[in-house]
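Each of the next two complexes has chain A plus one more chain, namely chain B in the first and chain C in the second.
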Partner chain A sequence: MMTALTKTRRVNTLPLITPSVLVLFLWMVVPLVMTLWFSFQRYNLLNPSVKGFAGLENYKSLVADSALWTAMLNTLVLVASVLGVTVVLGTLLAVLFNQEFFGRPVARLLIIAPFFVMPTVSALIWKNMLLHPVNGLVAFLTRSLGLEAIDWFGNWPMTSIVMIVSWQWLPFALLILLTAIQSLDNEQIEAARMDGAGASALFFFIILPHLKRAISVVVMIETIFFLSVFAEILITTSGGPGLATTNLAFLIYIRSLLEYDVGAASAGGVIAIVLANVVAFFLVRTIARSLEEG
Partner chain B sequence: MINRPLLKKLTLTLVAWTAALIMFFPVFWMLVASFKTEIDAVATPPMLVFKPTLENYAAVQQRANYINSAINSVAISMGATLLALALGIPAAYAMAFFPTRRTRSTLLWMLSTKMLPPVGVLVPIYLLFRDVGLIDTKAGLIIIYALMNLPIMVWLLYTFFKEVPRDILEAGRIDGASRRQELFYLLMPLSLPGIASTALLSIILCWNEAFWSLNLTTSDAAPLTAFISSFSAPEGLFWAKLSAASTLAIAPILLFGWMSQRQLVRGLTFGAVK
Partner chain C sequence: MASVKLRDIRKTFGRTEVLRGIDLEIEDREFVVFVGPSGCGKSTLLRLIAGLEEITEGDLLIDGQRVNDTPPDRRGLAMVFQSYALYPHMTVADNMGFSLRLAGATKDERDRKVREAARALQLEPLLDRKPRELSGGQRQRVAIGRAIVRNPKVFLFDEPLSNLDAGLRVQMRIEIARLHESLDATMIYVTHDQVEAMTLADRIVVLRDGAIEQTGTPLDLYNHPENIFVAEFIGSPKMNLLPVRVKTVSDDNVTVTLPDGGALDVPVKSDQLGADEQVTLGVRPERMRISERGQFVGQVLVAERLGSETYLYLQIEGGEMLTIETDGDSLARIHDRVAVEVKGENCHLFNSAGEAVGRAD
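Presenting the complex of A and B:
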């Protein structure tokens, strides 16, 4: 009866879906085509007389520029380090917060708080109040231990950025892995315990395999965000000292909005898009699989 | 002798709370600094006992840019959320209740638009915005944020709509409800909690967005993310005032975030982790 009803009322869904699809299509395709187009053009906003088709010139000079390789390496180091920190600590904390302890709801609220702090605020807290070489709290602590105060952003710039971004994203990993752990069947754990499995056996043979998909989702989503880390760098180091913390996103920003070299910046943009797409391919596949499972 | 389960629970409490307090400490430290005078805020050794003052909060309120930025943040987050809901609700409704062969691939395609790194399209968006006069306007950021969050919102709304019992909608149809009535008077009231948490997630993401806001606004339309970043230039010591401004800037979103933890996981993982 119901299927009959649905069938007799053929609904034209086109007017409902089209607006969303159309705006997203424009949002994706127009800038993409423009980026590709500009990347093959001689185009500098400061020098309008230089114009025309450049062929692969922008790519060639970009590839020949050591700044690109430094930026690629920095991007890789930043993404890999923060992924390592957030996934390892996130998994351990998720196991911890899955246990019963006093005041768990409040502790949980406190530990996820950093994720809701806007990037510019967290960058400034770390820069001014924690890692500042003179007035920072960390400098005070190292000095009271009889050590020299460390100029974090001067001498350990990438480590500092990794610390800030990890602090922001650890709660994200924790939140998602905790949700995943909670869906674990308690009877399975009890059964394993009955069979004499210790805590570490439980972790490696039951919890970790169960978390496999959640961990891969965390890794992929974080990678997409970490490829574009920007505000934290702009506010703390401005990519320096030298190029020490210039990632691909920041290099593109320098080339486009500071040097007005549209051609070079666009070629950089194309590289960023290709990198992100490699990750996106696997992410979409994982999500498609979970969609089928319902 | 203490029994073992209790001992275990106490140990866990100690370890977990240590971790929680370390993670929360930077926020706490900022909150404390916002009640100090500027001199106390930079004192070495750091002052733990001090005479609290509200002068920073008063000073922040008096700064015209601050009020302007706060209004911008509210207007942009709300505007982008409403725009995305207006586009997303009909699409999610159609896909949840009248699925076709293409529904699955449409959803996945929408999701894939989210994977485009913003830096990859910074140049063309900047130039387009410059040519049509959208640089440093609220409308410009509203459009960008709505498009940026639309895939997540369609996705979330879709999962919420699928949970609405179909019988109720069928009953409405038998009573002669039109499609429009069905959407507005049946589906939307029934899934109001889902729509609300979708909106909440969108507001959180818009409020904290700091790539487009830093690159596309200068003063008029600058939201709080951009306003706060103007403190990064060391023009004297304004840590206490900065802390007060930051506290006000993050407080509403922290509350929203705490309220919507569950939906956040669902929304940010596109339903892959529930």
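Presenting the complex of A and C:
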């Protein structure tokens, strides 16, 4: 019965899904092939006479340039720190927001709000209203304590970017983890309480293992987005000071739209694809293993 | 040694009063079953004893010590939950040893105690499995094993068999009865199933709307229900109840007029009743007999044949329904008219308030 059903299905649905699969395939492959193609070309928008096949020249100059390695490291630092902040804080807040307290619906709404603010706007808010050394809220607070104002984007550029991106993505982690916590069987918690589990034992032995799956999902989805953080950097530090906050996405932007070197930018793009795939490979492997266990 | 004493226990959720003054003494090694329809407060009462809910008013004493404010893990209790509440990411052994681990027991001690409990419940081959790899009955046994490992003074069971299929339920019922025998522990058991209550209990506590209706041994409740509610709740199929009128009253005997106009002598204390009073006559289906001389004549609407016995559902003159139990090979068929005989000494009488009129003996 079951096999007969799947058999007829396969025959019937193939022509129906083909168009969309084809479109998606082209959608993915055309840009990829063009990027690959450009990465082997001499292609500078400022100088149309320079053209022709470049071989590995674009790659060679890129790899020889220390900016690439700085950008790669920055990308990994940014991804790892924001992941750390959002997952740890998100888990703790999820536990908190699962408790009954006065005004919880309002508090939930407020903490989820940053997710609805678009990246450029939130970067502007942080740059001009919160972290500004003269007009910012943080500067006001430190001054009122008699301390000096901190030039966040000058002296702590990466920390500032991590703060902004974490602020935007904490609601996402919280939302996923909160729904996961709500699915935890209450009788399990009661059984653990009768077994003598206090708050911390309850967290580490019951709640955290229950959240393992949800945390994996958060890590996976967030990594994909954090590899390509761009707007926050463009608005606040423009990759600086120096290259302190230039990640791969921003480096590609510098090469292509500031230096008009499409060839070098494409080579950077290819390297970004390789990096993303390396990260994804390890990530998917470890997470798949943990999901199988869970 | 563990006795549990409840003194005027009350529980309110917001404005709703869920338990309205429960007084009960549970003796050491007693198997007490709380039974009642859903919403009667039996589970809440168990959770109050466990310490999972706060007691609004009254005293809870375990071994003479007031434990109202003692956290659940220090009351010396273990609970088996309806959903078993096993920790899904831990193996069976870890599940059973969790309380010991939290208490700081060494690994050797933990292993030893877990193995001991596992042996008693035939769980040894399953110790390395995760709960999701177990069947319902096995999970149930692990949940019980987890309780045993703690070596509690009192075991609490919250409808532990309601998620099992009928065959397994009977088997687990026997296992729990044997466990009570071998552990010599006090057990408190909550169920809505009167068969479980009758078969397991030393003493049954029947609850309704947050108050105790009657407490007693299973046979006590069966033979001497104190009111209509208990009479209907205990026994399967339900007791037949018929509105009748008192005809005459004499010493230790009340004569009532039956629907067909005949009279029936019921040997009960007569001092509370007067002539012409409206009362309810209660007869258990298994105490009724098909007979030529029967006082009730009715038409068979349904015949349920269980093999060992047959239940006949009759509509008697006047429209009342009667259930009777008869032989498995009874020849009665649907639409047949049969006469049913009732003996006065097998009948219960309830006054207009629903309270049983005491037996004369």
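Here is the rule we go by: the second predicted complex is superposed on the first by the 259 of 294 C-alpha atoms of A that agree within 3 Å, B and C clash if a C-alpha of one lies under 4 Å from a C-alpha of the other, contacts with A are read in each partner's own complex, and residues count from 1 in each chain.
Definition applied: a residue touches a chain if its C-beta (ideal position, glycine included) is under 8 Å from a C-beta of that chain, and two chains touch if they have at least 3 such contacts.
Everything quoted here is computed from the prediction, not taken from an experiment.
*Asks:* Sharing chain A, do chain B and chain C clash or fit in the superposition?
*Replies:* Here the two partners, once superposed via chain A, fit next to each other without clashing.
*Asks:* Figure out whether A:Leu258 sits in contact with chain B (first) or chain C (second), or with both, or with neither.
*Replies:* neither
*Asks:* Quick one: classify A:Leu145 as touching chain B (first), chain C (second), both or neither.
*Replies:* After superposing on A, A:Leu145 lies clear of both chain B and chain C.
*Asks:* Can you report the vertex angle at chain A, computed from the C-alpha centres of the three chains with chain B and chain C as the arms, to the nearest 10 degrees?
*Replies:* With chain A as the vertex, chain B and chain C sit 80 degrees apart.
*Asks:* Please indicate which partner A:Thr286 is in contact with in the superposed arrangement: first for chain B, second for chain C, both, or neither.
*Replies:* Once the two structures are laid over each other on A, A:Thr286 reaches chain B alone.
*Asks:* Identify the partner contact of A:Pro114: answer first if only chain B is touched, second if only chain C is, both if each is, neither if none is.
*Replies:* first
*Asks:* In the overlaid three-chain picture, which partner chain does A:Leu170 touch, first (chain B) or second (chain C), both, or neither?
*Replies:* first
*Asks:* For the overlaid complexes, name the partner, chain B or chain C, with more touching residues on chain A.
*Replies:* B
*Asks:* Could you look at A:Thr179 and tell me whether it touches chain B, chain C, both or neither (first, second, both, neither)?
*Replies:* first
*Asks:* How many Å separate the nearest C-alpha atoms of chain B and chain C in the overlaid structures?
*Replies:* The answer for the closest chain B-chain C C-alpha pair is 9 Å.
*Asks:* Counting contacts the way the document defines them, which residues of chain A are shared by the two interfaces, the one with chain B and the one with chain C?
*Replies:* Residues common to the chain A contacts of chain C and of chain B do not exist here, since the sets are disjoint.
*Asks:* Which residues of chain A touch chain C in their complex?
*Replies:* 185, 187-188, 190-197, 201, 205-206, 209-210, 212, 294
*Asks:* Which residues, counting only chain C, touch chain A once they are in their complex?
*Replies:* Contact set of chain C toward chain A: 50-52, 71-74, 77-79, 81-83, 85-90, 98-99, 102-103, 146, 150.
*Asks:* Would you tell me which residues of chain B are touching chain A in their complex?
*Replies:* 9-10, 12-13, 15-17, 19-21, 23-24, 26-27, 29-30, 33, 42, 44-46, 87-88, 90-91, 93-95, 98, 100, 104, 106-108, 110-113, 115-128, 147, 150-151, 154, 166, 170, 173-174, 179, 204, 207-208, 210-211, 214-215, 224-226, 228-229, 231-232, 239, 242-243, 246, 249-250, 253-254, 256-258, 261-262, 264-265, 268-274
*Asks:* Where on chain A does chain B make contact in their complex?
*Replies:* On the chain A side, the touching residues are 2, 5-6, 9, 11, 13, 15-17, 19-21, 23-24, 27-28, 30-32, 34-35, 38, 93, 96-97, 99-104, 107-130, 134-135, 137, 140, 144, 167, 170-172, 175-176, 179-180, 183, 213-214, 217, 221, 224, 227-228, 230-231, 234-236, 248-249, 252-253, 256-257, 262, 265-266, 268-270, 272-273, 275-277, 279-280, 283-284, 286-288, 290-291.
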